[in-house]
Every structure is written in structure tokens, then in C-alpha cells.
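In the two assemblies presented below, chain A is common to both, partnered first by chain B and then by chain C.
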Partner chain A sequence: MKRWLPPLLLVAALIGLWQLAADTGFLADAFGLEPFLVPSPSEIATVLWKDRSLLAENARVTLVEIVAGFFVALAAGIGVAILFHRFGFVRRAGYPLVVASQTIPVIVIAPILVVWFGYGIGPKLAVIALICFFPIAVNTLDGLRSVDPDTVRMMRSLDASRRQVFLRVEAPAALPQAFSGSRIAVAVAVIGAVFGEWAGSDEGLGHLMLQDNAQLMTARMFASVAILSAIAMTLYGLLGLLERRVIRWR
Partner chain B sequence: MTAILSALGVGHSFGPLTVLDGIDLEAAPGEIVALVGPSGCGKSTFLELVAGLDAPDSGTITVAGRQDSRGRLEECAWMPQKDCLLPWYSALDNAALALRNQGLSRRASRAEADRLFRRLGLAGFERSLPNELSGGMRQRVAFLRTLLSGKQILLLDEPFAALDALTRGQLQEWLLPLLGAEGRTVLLVTHDIEEALYMADRVAVISPRPGRIVEWVPGSRTGAADRRQVVTSPGFNRRREELLGMLRLDPTPPDGPATAATP
Partner chain C sequence: MRKLSLFALVLVAAITVTACGTKSEDNSSPVRETFSVALDWYPNPDHAGFLVAEDEGYFEDAGLDVSLSAPSDPSLPIKLVAAGKADVAISYEPEVLLAREQGLDVVAVSSLVDQPLTSMIWLKKSKIKRVKDLKGKTISTAGISYQDAYLKTILARAGLSEDDVKQVSVGQGLLPSIVSGRAQATLGPLWNIEGVDLKLSGKNPVINPVDKLGVPSYSELVLVAKGSRLEEDPDAVRLFISALARGTAEAVSNPGKATAAVLDANTALKPKVTAAQVKATLPLLRRGGLEGKDQPFGYMDTAKWQAFINWMVKQEVLASPAHAVDALTNDFLPSAPIDAG
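== the complex of A and B ==
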């Protein structure tokens, strides 16, 4: 419980300050804005409650996109890492491409994907997977390569097949790194989902934000942001829990 | 004697660096042969060549009638300097690793490992993870893993180097009767002269790089005898002095720590 107290206090203090600044009109004055454009935390909380079914419905859509896109990236990232680890020439040929995948500006590629594949879940999955792929692949590969060569030689001397070396030594050794890559990935997956929805969609929190933005419903926009951030933090936390359950030797 | 292991004119280099220069060595079944020499003289490299982890640049190594690397890999069990225990497996599963690799079920391999666990004083630590074990215990598990491979030829690379003098002496005392009963052939690389003389039937003295065998000295392997009695006997002392002279080291007092050899 003690571990949670400092961040909780800090967040509470920040929200309190914000509430104060919004209530007194200080924020709106400072930005030279109409007061209704600068919602206070209590107003956001009110919208969160009042529009809960609309928000939940759209949050569910976005959550499904995030989780599915993440799993696509997980499969691809781990697959590529294993392939690169097993075959040196594939790694040398493919590594620049993996790096390139991270340099593609997602915000530019998303609309193209929508033009090609339409308003369905496909383009969102592609955008999310593209963002998530890099940290998973690179971290898992580093994990696989971190194995002590003497341990592999010891295994060979004790009759291990290539497959047994992978399953008993390399894969477990790479697990911690694969997990940290996944945690980074899941945190940025939310950004991918929003970009994907902005590029073209008719549901989801990103889509809702666009509509609210057009109608100057700033309080509900903040509510969507709060939910998105809560989704990312929850997934991050769940992965951390899973990691601690799986990796018990540290 | 009919040798189970023989090396003939084995030479090896890493790039421009010649590490081994014509090693000739034979070991009879059940024999323990120690290799001593200064750090970097190539004794570890020689062991890895015998193990079949690499092929020598020149010369031949025959192990149980097999000359190719693959054959040697199948006939020998190599124990590296580091214990190389897998942190995600329990002590018992680590010891049983070779059996698992050979296709035995988890259950059968554990039962097999359990038999010897007690004899090495590891009872009660079957389910402990390696990071919960002391250095001496880790080394014993690593040794057990090597022994349980069932292979007749064991290649031990400074198996006790990481341990304090007291634990090292205890382990040596434990191991000798065990090796005797099992009748395994052992190549033991060490830079601890006392360890070599105490454990081995014969001791090969290797020159600084490029390594070659410059002298053979008889060891004092006596099986069940009390270690303290052996290492303080006049004969043992004389041979230690002799060996130290060959390696050009200052003699250490009988019970002092054995220091690493420097060229």
C-alpha cells in the first residue's frame, strides 16, 4: 500500500490544483479562453458518469482494437526475433527493415491504410501492430542473444538438440526482455488505436473525440483521454503482474 | 594400457595466436588425469577440443574410438568453469538436465537425480532455485549434472576454482570415492597444484602459451583416504615443491591458500 501512496498523493494534488485553477477562472483567463472550454476535473467526472454508456461502448471498441493489434504485434515480433536469432543472414538482411518499420510516421500511413482497407478494424490493427512490433521484436532479440555461450556449449555437450537448447535455455532467458518490450508496446498501442480511428472510423474513443472536438465538448474529450490512459495503465499493470507470476527465478 | 582417450600432436590457434602446440596425451579407462599450467596456456581450449565443441587445427583426438567432433560430443561430458546452472530450473531439474535432453521423462529423470542428490549432501534442496544455493552447492549440482549424463569421459574445467579453500577441499574429498566407484575417465584442468596432485593418477604440466606438455608427474590418488593426511605427507610435499618448481612459482605453506599461477 505504501508504494501506491506517493503517486496517488501527487495525482490528487495535481487534480486539486487544476480544480482550483478552473473554478476561479484562472486557467481560462491565462489562456484567454471562454471558461466552458476549460473543464474542471469535477465537470469531467460528471460527464464520465452521465455519458457512461456511450463512453463504455466506444471504449470497448477501442479496447478490442488495442488487444487484438497487440497480439498481432506479439506474434510477429517474437516470430521475427526467433527467425533473426536462428539465421544470422536473415538478421543482417532484415534488421534495417525492422528499424525502418519504426520510422514510418504512423499518422501518415494510417489514412492510406483506411483508403485501402476501409473503415473496418483492419487498418486499426495494422497501425497498432506497426507501433507495437518494434519494441517487442528488438527486445526479444536482445534477450535471445544475451544467452551465455558457455551455457549453450554445456547443453550441446549434454546431448541437447537445437530445439532443446531453444526451449530450455534461450526462450526462458529471453522472457524478461520480451516482457519489457511488451510493456512498452502496450503503452504505445493506445496511441496507435487513436491515430487509426482518427484516420477513418465510425466508432471507438478516438472517433468520439473527433466528434466532441468538432462540437467543442471539451469535458467529454478529457473524459475519453482519461479512459484511454486508464486502459493503457491497466494493460501495463496486467502485463507486469503476469511477468511476476511467470518469471519467478529473479 | 588401452587408452579410451588419446590426443596426438594436437595444435590449435585463434587467428595469429597459437594456443596449443602439439599436445600428446593418453588416458586409460577409469584414470584421472590432471592438466596444470599457467593461465592462458590453452588447457581450457584443449578440453573444449576433446569435448568436440571445436575441431583442432592439427593432430587427432580419439575418444572411445571416435575421431570426429560429433562422436566426441556424444562420448564426453564437459563441465565449464562457470556452473552454468539454469536459473529457471530447480536444483534437482538442473542436475537432471542431461537425462531430460536424452529423452527421459521429467519424473524418471528426477528420480534418477534424486538418488545421487543425497550423496552429495544436497538433500532438502531439491526444489531450491540456483540463486538460493551457496557457491559450493551450485558447483555440486553442476558436477552432478555432468555425472548424470552417463558418459564415461568427464572433462572438468577448473570445477572448484570459484570456491573458497575449505569448500574446495571438502568437495574433492566427496568426489574422489564417487569417481572411483563410477569408474569414469576424467580430464581435470586446474591451476591448483594441490588439487591436481590430490585428485589425479597423473599430472601433466603444460608450458605457457603456446601450450605443450613439458612434464608428467605421478599424482597421489588414493581413493577413500583422509585428504588432510594425504596432502601433509612428506611424499606429497616433495611432489608439490617439484611441481611448483616446474611452474616457477613461490612455494605456499601447506595449509595456505593455493594461489593462481602466473606465467
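== the complex of A and C ==
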């Protein structure tokens, strides 16, 4: 409980300040906070409650995209990391490409992916996976490469197979880093989901945000943002829990 | 080093020339009022009147120091006006009505294009002949709720319901959606801009403005100002609209000048396409689009606005009825009809 107190207090203080800024004319002027630009927390809370079924329905769609896209990235990221680790020439050839994958502005690539994959879940998965892939791949690879070479040499001298070395030494050593990468990935996955939905969708929080922006329904747009944050934080927390369960030796 | 000193020399010369220019202008009109204008989108042929007025110095003549700015989100300008960050903005009639319902203190002060430009477009290759053929097809939209209501009305007139088609919102990706064939029709492009572009690139588009398919007519582009600002300082807006009317008249009578002004303001545009778009757009800008000879530039017809409001209420885009007389004012238009060449 003690661990949760500081962030809770900070968030409460910030929200309180924001509410105050929205309510009092003086602060609103100073910050340029006007309800149609930045709705107050109480307005957002009201909309969250009033439109809860609409928001929940769209949040479910986006959550499915995020989780599925994340798993695609996890498989690809860890796969590439192992491949790079196992074959030096593959790493030397492929690493620049992995870095280059991060330089693609997602908002540019999303509409192209939509034309390729259609308006279903495909392009959203691709966009999310593209965003999530990099932190997972790079962190996992770093983890694999951080293994003490003497340990590997000793294992080999004891007649361990490559597979045994990987499973008993390298993989466990890389796990903490792989988890770090995954946590970063899951936190940014929501951004990918929104961009994917902006490029072509008929449901989801990103889709709803497009509609709300055009209707000047700023409060509901911020409500969607709040839900996206909650999704990202929850997934981040779940990964943290999982990490503590899996990595018991730390 | 030599390059540097040459550069410095040019810089000094430029500053001197600019300074002289400013000085001589200052003599003719002592202090100009700053006046900021938020366009609805990057400079394009819809803005020909603004751009020609700027190039020809009509705003300076009116005693205004006008700055034009373009957002990347067309729903932003009206918010800037309501927040007092811009003096006037280009917006859309439905957007003005929605903003007012949300409590924003904005009023339409001039019509710029007094008819719908938003269109439904399909390509010949889609084999669609009429709206009825859209049954079971995918239609892309920009994800704007009132445009979804256009679609509902269009479908209903052809005896279809929303469930008969697959609707997908693609934001800015309207044209790619039909060119790629991912969607068979799109609702949202402007016939004088994207429509002309599609035609020139040989895609054989079939273009129907929404008012030809059953949506009541409305002003696609209007100029909006903040209500309280109009009370405090009515003259600036009045002067601005007069100068804009002058710029528009000049653009209409001189399409080459209009095209050059648009291309100057936005170097990313394709010159040939832009020239064709300007040609298609100028007749719309003329007198703010109105046919009648006895109306001033930018005149807005209250009855027409009311009919559109009633339709929006019926479509549940507006939650409650509104009065057109509150949403628009013709009081800031030039008193005499401007004859555009």
C-alpha cells in the first residue's frame, strides 16, 4: 500500500490543480484552459459515467488490438533477438534494418498498411507491432549478449549442447531485459492502436476520438485518452507482476 | 570567409530595403491593426480570395496587418476564434452550429462558398451506376459525425439503410481508399479540389455533391468570428470582409493571378492541377457563391440555414433546435453588392 501512495497523491494533486484551473477564472486565463479546449476533470468524469457503455464497447475493441498486436511484436522481437544472437552475420546485416524500422513515422505508414491489409484488425496489429517490436528486440538482444562468456565456455566444456546453453544460461539471463523491453512496448502500444484506427476503422477508441474531435466533444475525447492511459498502466502493471513471478532468482 | 561577408552584405541590403519599404508604407497608413486569420486547411484554391487580397495589399489598404495561418486539423480554427487566439477563421456551416451547441461564442459573419462542396465519389471501375448499387459495398468517410448523417440521408433516399453498407472512417485517407479499391465509394472529398484532382489523373470519377443526393443545401465555407469580439470591435471585421470581397473579385476576374497566389502560398501543390481547381472554384467564390445580383458579398440566407438546422436536428446531429438568426449575421458585409468583374 505504501508503494502506491506517492503516485496516487501526485495524480490527485495534479487533477485537483487542473480542476481548480478550470473552475477559477484567474487560473483558466493564465493557462488558457477553456472547456472546449481542455475540459475539467469533473466534466471528463461525468462523460466517463454517462457514456460508459459506448466507451466500454470501443475500449474493448482497442484493448483486443493492443494485446494481439503486442503478442505479434513479442514473437517477432524475441525471434529476431535470438536469430541475431545465434548468427553474427544476420545481426550485422539486419541490425540497421531494425533501427530503421523505428524511423518510420507510424502516422505515415498506417494509411499505407490499411490499403494493404484492408479495414479489419490487420493494419492495427501491424502498426502496433511495428511500434512495440523495437524495444523488445533490442532489449532482449542486449540481455542475451550480456551473458558472461566464461559461463558459456564452462558449459560447453561440460559437454552442454547449444540448446542447453541457451535454455539454462542465456535465456534466463536475458529474461529481465526482455521484460523491460516488453513493458516499454506495452506502454507505447496504445499510441499505435490509435494511429491504426485513425487510418481506417469503424470502431475503437481512436475511431471515437476522430468523431468527437469533429463534433467538438472534447470532454469525451479526453475520456478516451484517460481510458487508453488506464489500459496502458494496467498492462504495464500486469507485466511487472508476471516478471516477479517468473524471475524468482532475483 | 568571403561567402560569409557576401551573405552579410546581402542581409544588410535586405534589411535596409525592408526597412525603407516599411517606412514608406508607414507614411501612408500610420498604425495598422493586427488581424489574425485561421484558414481551415493548408492554402488551396478555396482560399484564392484571401491570398489575392494579401498579395495585392488590399488588407493593408483597409488598415489591417493580416496574418494567415493554416492548421493541420480543420476542426481547430473555430476553437481558436472562440478562445480569442484568432480574429476570424474559416469554418463550415455544420461545424458552426455544433460549436454553438457546445456553448462556443461563435457567429458566422460571411459566407465564402454558399453551397456544399462535400461529395460522394466513386470510380467508374467500381461499376456503380447509382446510389442504390452501393448495397453491400464499403464506403469510406472522414469520420465526421455530421457527414455520417449525410450518408444516412443519401442512402435513405435510395431506399437503403446504414446496415446495407459497410462504413469505414479513414481520416485523411479518402482518395487512397477508392483508388486502391479497398472502398467502392467515398463520402467527404470536395468536388472542386479532390474531384478535379481525380479527373485530371484519369481515374474516371463519378462525383455527386451531397445536395444533389438529398442533403439540404448549406454553406460549405463560412467566415466565423467571436460574438463578444464583434461587439467590442466591429470595424476590423467589417474592413476585413470588404478587403476579402475585393480580393475575391480580383481573383475571379484574373484566374491566372489567383492560381499564382495559391501556388505561392503553398509550394507543395501541383501547378497544373491547381490551375484546374482554381478554375472550378472561382465561380463558387464569386459573391460568396450567391446567384442573386442584389445581395452583398458573403450574404447568408437565414431561411436556408434554418432548413439545414432543422435537418440536423431531425438527424440527431444537433441535440436541440436552434435559431439561424443567432448563428449568423449579415451586418458586417460590404453594404453595396460587389460586382466581380
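Worth a mention:
Everything that follows uses one rule, which is that the second predicted complex is superposed on the first by the 236 of 250 C-alpha atoms of A that agree within 3 Å, B and C clash if a C-alpha of one lies under 4 Å from a C-alpha of the other, contacts with A are read in each partner's own complex, and residues count from 1 in each chain.
Please note the rule applied: a residue touches a chain if its C-beta (ideal position, glycine included) is under 8 Å from a C-beta of that chain, and two chains touch if they have at least 3 such contacts.
Quick caveat, the model's predicted, so the values are computed rather than measured.
Of the two partner chains placed by superposition, A:182 touches none, neither chain B nor chain C.
Judged by the touch definition given at the top, the superposed model places A:153 against chain B, while chain C stays out of reach.
In the superposed model, A:40 lies in contact with neither chain B nor chain C. Once the two complexes are laid over each other on the shared chain, residue contacts for A:172 go to chain B alone; chain C is not touched.
Shared-chain residue A:58: touches no atom of chain B or chain C.
Residue contacts after overlaying the shared chain place A:161 against chain B, while chain C stays out of touching range. Judged by the touch definition given at the top, the superposed model places A:114 against chain C, while chain B stays out of reach.
Chain contact summary for the complex, chain A toward chain B: residues 148, 150-151, 153-161, 164, 168-169, 172, 247-250. On the chain C side of its complex with chain A, the touching residues are 73, 75, 78-79, 82-83, 95, 98-99, 102-104, 138, 140, 142-146, 166-173, 176-177, 180, 182-183. Partner chain A is touched in their complex by these residues of chain B: 48, 51-53, 73-74, 76-82, 84, 86-89, 97-98, 100-102, 129-131, 145-146, 149, 155.
Every residue of chain A that touches chain C in the complex is listed here, in rising order: 32, 34-37, 111, 114-115, 118-119, 198-202, 207, 210-211, 213-217.
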